[in-house]
Amino acid sequence: MLVIKDLAVKFPSRFGEFTAIEDVDMTIKPGEIHGLVGESGAGKSTVGAAVIGLLSAPGYIANGELSLGDTNLRNLTPDQAHEIRGDRISMIFQDPQTSLNPLMTIEDQLIETIQAHSNVSDSAARKRAVDLLEEIGIKNAAERIKAYPHQFSGGMRQRVVIALAICTDPELIIADEPTTALDVAVQSQVLDLIRRLARDRQIAFMLITHDIGVIAQIADRVTVMRKGKVMETGDTPQVLGAPTHPYTQALMDAVPPLDHRIARFRVPEEEGTAGVVTGNTAEKWLLEGQQYALTGLTLQDLCVRFAGPRTSLFRKPEPYVALRDVNLDVRPGSIMGLVGESGSGKSTLAKAITGLITPSSGVMRLGDEILPAGKARSRHHPSRQLVQMVFQDPYSSLNSRHRIGAILTEPLWFYGFVQDAKERERLAAAMLELVGMAPDAIDKYPHQFSGGQRQRIAVARALLARPRFLICDEPTSALDVSIQAEILNLLKDLQSMFGLTILFISHNLAVVRQMADDTAVLRNGVIEEMGATEDLFARPKADYTQTLLSLTPVMPREWQSAG
Amino acid sequence: MVYFILKRLVQSVFVMLAVAFLAFSLFRFVGDPITQMTGVETSVADQERLREELGLNDPFIFQFMRFTTDMLQGDFGFSYRTRQPVAEMITDRIPATLELGIVALLISLAVGIPAGVYTALRPKGFATQAILMTTLVGVSIPTFVIGIMLIFVFGVQLGWLPTFGRGGTVQIGGWESSLFTIEGWRALLLPAITLGVYQLTLTMRLVRAEMMEVMRSDYIRFAMARGVPMRKLHYRHALANTMVPVITIIGLQFGGVIAFSIVTESVFQWPGMGLLFLESIRFVDIPVMGVYLVVIAFFFVLVNLIVDLLYVAIDPRLRVKDV
Amino acid sequence: MVAFLKRYEGLWLFVHSPAAIIAAIVAVLIMIGAVFAPWIAQVNPYDLSSFSLFDGLLPPVWQEGANPQYLLGTDDQGRDMISSILYGARLSLIIGLAALTIAAVLGVGLGLAAGYYGGRFDAIVMRIADVQLALPAILTALLIDGIARGILPASMQQDLRVAVLTLAIALSLWVNFARTARASTFVQMNKEYVQAAIMMGQRPSRVMFVHILPNILGPLLVIMTVDLASAILLEATLSFLGIGLPADSPSLGTLIRIGMQFLLSGEWWILWIPTLFLVALVVSINILGDFLRDVFNPRLR
Amino acid sequence: MTHGNLRKSALLGSALAFCALGASAETLRWASTTDPQTMDPHAVNSAPVLSFLNNVYEGLVRRGQDMSIEPSLATSWEPLEGENGWRFNLREGVTFQDGAAFTAEDVMFSYQRASNEAADVRSWFAPVSEVRVVDDFTIDFVTTAPNPLFPDSIANFMILDKDWAESNDAALPARDAENFATMNVNGTGPFTVASRDPGVRTTLVPNEAWWDDAQHNVTEAVFTPIGNSATGLAALLSGEIDFIQPIPLQDVAQVEGRDGFKVLEGEETRVIMFGFGHEHDTLLYSTDVTDTNPFSDPRVRQAAGHAIDIDSIDRVLFRGKIEAANQLVPAGISGYSEANQNRPAYDPDRARALLAEAGYPDGFSFGLKCPNDRYINDEALCRAAASMFAAVGLDAELSTGPVRDYWPQLREDDFDMYLLGWSPGTFDMEHPIRFLLHSQDDEKKLGSWNFGNYSNARVDELLPQIQQEIDPAARQAMIDEVVGITQEEVAYIPLYTQPLIWAAKDNVDLTQRADNFFMLRWVTVN
């Protein structure tokens, strides 16, 4: 049984000591799945790292008790700590793509781990490894074990990671975002596996995640953290269903429900989280620019093929079909949601519309105009201005070497809207205000802002092009849930204010349900189903849509706050 | 795979042709071979006749075409200086340069990799700082100064090692090797160290940087979390993954080693291709210079190909198809 | 510009790195000496009438037979060592920096374009880079030297020796820049800010130089310091091989080449003082390069 | 390849060569800067080749330790009766190293081979109109004009065996491809080549059947070219070689200071001088005088002569090891003009006065061309000279380069002033007059190294007379006149005679000949 008391971890830095976590108490019983939930910067991973003794470089445990069973984890020498790792405590990392040594076979990695902790022969270790792989659901394990990590799919790989974590029968496994990098279907399988292991082997799990849906689905108990401190802890139904701490309450409010649509997320009013400020110059400027009518988008039989890797001199490489006969009609002034798992072709579709890639066939129409494809689209084509995009990663979508002012005024200058440099700056500052940021941000650099703030800046940049059609490619998937709520609110407000047409791309069904008027479901480059959002979610027709909906973790209705 | 190799080969031919062309355009400017070929008392008319006979008065493109077509037919021509067949002169010198280059490379790897691992694992240690500093000074001294210093310390003052040449060599199937006699090794040591110093530093720094990077990767942290023994962790996991980028750079550098052996060979009177090339420049021995360049380009291309194949050997991701 | 952005972090690291401070002091001192050589040096080694063979081979002041007028002695031409070194460092730095600039402009331009356009253009640039790599620096130097001699009137050749050498060194260095710029550009091409710029319909040159370039300056700056050191050493090596600068306008490398003749003759100062100076300069630049690498790659810190 | 066997047989010897003290006392290992390009004595007329092959091949005559001509394959020679030319009486009982007998046919064949267009040494035979075999051991060389110096001029004309050359397809010197004689030898000389690895190592062993009494005790001689002088010196000091030619001047003290080593110093016959672009209308490299050529005024040339402080050059650059020169050959060479022994004194004031007189009170700038890898300290000399010129207002724009492009520049008249070293191949004053002082005349092949085209009708007139004059006194008078004219007109500024500096282990006795040839037959290893 893991007992954590008053745990504090500090990171000395040149500006003094930074306290990562403080006063953390937690106990995890054998067989218990203990959810540790919080937004980025909450210190949840630090708790896990402290328990397993792998705090990154200057960090150290400043205070508190840490014990596993009879062992005081704080009194161990480095060698003893290394002995315990794997043997009694193990860990599962977020990304199965990167957590396996690419140069070693699964077999070697398993045998190596088993032999590190018990004195068994190679053949015994191999047998144990094969049995284990069978147990966690890898078929034909005796053969598959010889494979290298890259030969497994993402979900299988995460199973292998789990096998490696449990092959030494540890008492405690720290699972740090074990399903975040996985698609819904695979996520549900992995979660099932974790539940089974906890139940059958009585392994204690510390399940670190930002996804409250996951916690709701499998955690026995949950601890909510924020800024290095524990906000609330207790049994899952109690904490999530009847939160006592305002933070937990706010968190729950921000979670988009899957089974119904809410008009707006409830967000605590704090600085920098504000919604649209109305009536400023930027708003006026945008409204002035609406010389065009609402603009829709139609895609007809759009196909995108990529050249596959060439393997022979004599055979043409097999093309890889990213999109096949996609027909999509985004009504003017509406939000079209596009959902699909990774690799389904969502981003390819966005790139085809924006002209970054050239479709092999099909017609695209913006309003009534045919949108030239890819390279055929000149640099001065009006669609370059009318179609704007908000990207997924706010850390890479803003040029980190440019001032916010330079980033925001670029479209004004580039499209020739405003000739005077001072005027451009003023307008950019007003636009910042419009999206809920302080106008003085204009003199700062992107790295001085948080992810949510950057996404607001990205939205501001898109708006400064006076777009009629906005593509939002996973605009919130890199953000914490509370920030996501703010951005979604912002987008909704802007859309209704300026009559934008939006293509909203997301893997998150719940988010799409909150945002979209119509929804299309994309799978392997093919549209499986398309229709009005409420209709589609309430009565999914395609099998695939049904599966997706059923596998997405949901919170019991009674825990959800009224929307 | 086959396609990949073929593609590389085609590109290689392009590279070699371009080098040949560049090399050839260079010849016209290095100097006048005729004045180097003839004595003081040779008359101008005799010199002109020789120039005509050697085709040096022909248009440049014509000379280049002749050079390449002859070479493609395996005819590498004859040296202006010694009148020997160039092919033979170069192949006689290849073993010396290759052995020097390879031993220098091995020394740099044998010292550079452990030093890189050590300095990566103890980034703040005193020894690390000392090693980093020493090697930095090492690469900041011109190679020829290092060479001469080594000669005077170990050859003249201490008298431990020979000061020039290859020492005892043994003929093995047309390959004149100094690797099979003690004398040969003694003669090889100083030039190889001189040539290897730069590579050593480069290797060490590269291994260090890559190793530090790899040590932060998820799979190393995961291996840590599984309690994989430290030695295995450092060498089997971390170092092995470090090798992919290290091999690239080292492969690229090997071409440079061969080329830079010109300086080392000149200092140690090491009878390799580089020395031959320097002599050829002095005598404006056009055929030898041309073939030397093409051979160097060939080595470069060959090493690049080997590096690509080594990747495949090391990295299963390139070797095994998805199941 | 980049340094400015990093100033808080970089400055802090700098103040806490004694090696970097010492290196910077040494480098700055040498550079000041080089820049102000005409005012500091008591003798102008280019002005043949300002020194006399009569004063040749005088040892440094602490040795017997020295003339206190020449602190570090004189060489075989009677040139004051200090003056020669200052002027030599000046020339070496001019060559190094100029070569670096050419190499950087050429390499970064091609590398950026190769990374930006990819495909066939990239393949061609990289094959050209291969050709360049397959040609040892000494050959490049010979080639440039020869071509210059072939196309320039005789009276200009002597004046252009520095330019020729600079170009030769630049040509053997640009590949480094091209490869680094290309690799970094590939990374940046996947960044969404670049896609945003392309989507807007911005000119490729603007995307490359206004958007991508500032983001890849970090690694390029590291290469610059390392290559400045290489350029200075390469110049010395070419000089040793006899294709460097003439002895009457000596760079540090030429001074060392001349000094090599006195390795055993007892006039040690003619070789070792310029060598020490060169090593101090190159080590300093390398240390600063290391330091920059640490600043730009915080993960390795 | 034919020489593959030779090369392999060297391996045993080379393995021994590095056991410094254990080697046989009679093995001599020596080094020089340049490898002989070829083993063919007629293919290339260059000092490294001729020097090396003089150990293997022999001529009709040879030079003694004092450079005097002495009998070799010819036992005696006398002028022909009734026509111009010489009769050589050949030595009987001489065999080539492969055992074949030496006869007049071999001389005839060698003459034909060496005077063929493919041979680089054919200029030696320019005066020869006909060669006649009189009998097996008598041969006549007929010349177009009286030629008292002919026997001296063919000391390096080496004799090959006719049958050997013809049966090995080496009847002519290799021109653009190698032939058998490029790598193999068959001479009559004291040594023969046991193995050869070009550019790396050549091993010689004594010719047991040599006709002369061996004055050496060498049983094996290994030659290694070492291009880098510091490396060469290190090899000597570490005991890996026994002898090296040459060593840098500045290292003499170091070698002498060490136990067990000695330095051999002497004078080469090579005189170093500055030449002028006499014929140019304007200076090529001047920044201030562009309309005329000041060097066409003898006063300016005199001024340049007075600007040179040869004593300082000697003391600092050459460590007191050079002899100042006053004419184009050093004292001791036949024809040396005793009557004209004065060289211009170092006198900067006089130089300035002369310049002022010539109309250049502030001097002028000009281009000075120098090689940097041809003569000892050539580059340093030119830097020093430029500095001295500058002191009197002659602003020399110095340009140095390797000989490979230095000679072409001289040939193309691309200079205002240049540096040249000249060693009289015949060891007679006539040689520099023919090559350096006579006006350029391509047809007659005269003045071919007179790059500045110094031209004086009287000198041109005297040369053929000097060449043909049999009476020594009359001949000397004419030479004195030439030297007098050219000194007065400052055709060249002779600077000094180049020193010869060799170094060896104490236990090696050898002879340093003034032509810088190293003769194994005078070496004893103690």
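Letters A, B, C and D mark the chains in the order given here, with residues in each chain numbered from 1 onward.
Following the convention adopted for this analysis, a residue touches a chain if its C-beta (ideal position, glycine included) is under 8 Å from a C-beta of that chain, and two chains touch if they have at least 3 such contacts.
It should be emphasised that the depicted structure is a prediction, and the values quoted were computed from it without experimental measurement.
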{"item": "Leading chain pair when contacts are tallied as C-beta pairs", "value": "B-D"}
{"item": "Approximate Å spacing (C-alpha centroids) for the pair chain A, chain D", "value": "85"}
{"item": "Chain C-chain D separation of Cα centroids, rounded to whole Å", "value": "43"}
{"item": "Rounded Å distance, chain B centre to chain C centre (Cα mean)", "value": "23"}
{"item": "Inter-centroid spacing, chain D versus chain B (mean Cα positions, whole Å)", "value": "38"}
{"item": "Residue list for chain A, restricted to those that touch at least two other chains", "value": "none"}
{"item": "Residues within chain D bordering two or more other chains", "value": "230, 373, 402, 405"}
{"item": "Per-residue multi-chain contacts in chain C, two or more chains", "value": "149, 260, 263-264"}
{"item": "Touching chain combinations (by label order)", "value": "A-B, A-C, B-C, B-D, C-D"}
{"item": "Residues of chain A that touch chain C when the two form their complex", "value": "14, 351, 354-356, 378-381, 384-385, 387-389, 391-393, 396-402, 410-411, 414, 445, 461, 465"}
{"item": "Contact footprint of chain A on chain B as seen in their complex", "value": "1-3, 6, 217-219, 221-230, 232, 236-237, 240-241, 314-317, 320, 322-323"}
{"item": "Residues on chain C engaged by chain B in the complex (per definition of touch)", "value": "19, 123, 127-128, 130-131, 133-139, 142-143, 145-147, 149-150, 229, 233, 236-237, 240-241, 253, 256, 260, 263-264, 275, 278-279, 282-283, 286-287, 290, 297, 299-300"}
{"item": "Residues of chain C touching chain A in the complex", "value": "2, 5, 12, 16, 191-193, 195-203, 211, 214-215, 217"}
{"item": "Partner chain B, residues of chain D touching it in the complex", "value": "1, 8, 11, 14-15, 18, 35, 37-38, 40, 43-46, 117, 120-124, 174-179, 182-183, 197-201, 224-228, 230-232, 234-235, 237-240, 373, 402-405, 407-408, 411, 425, 435, 442, 445, 448-449"}
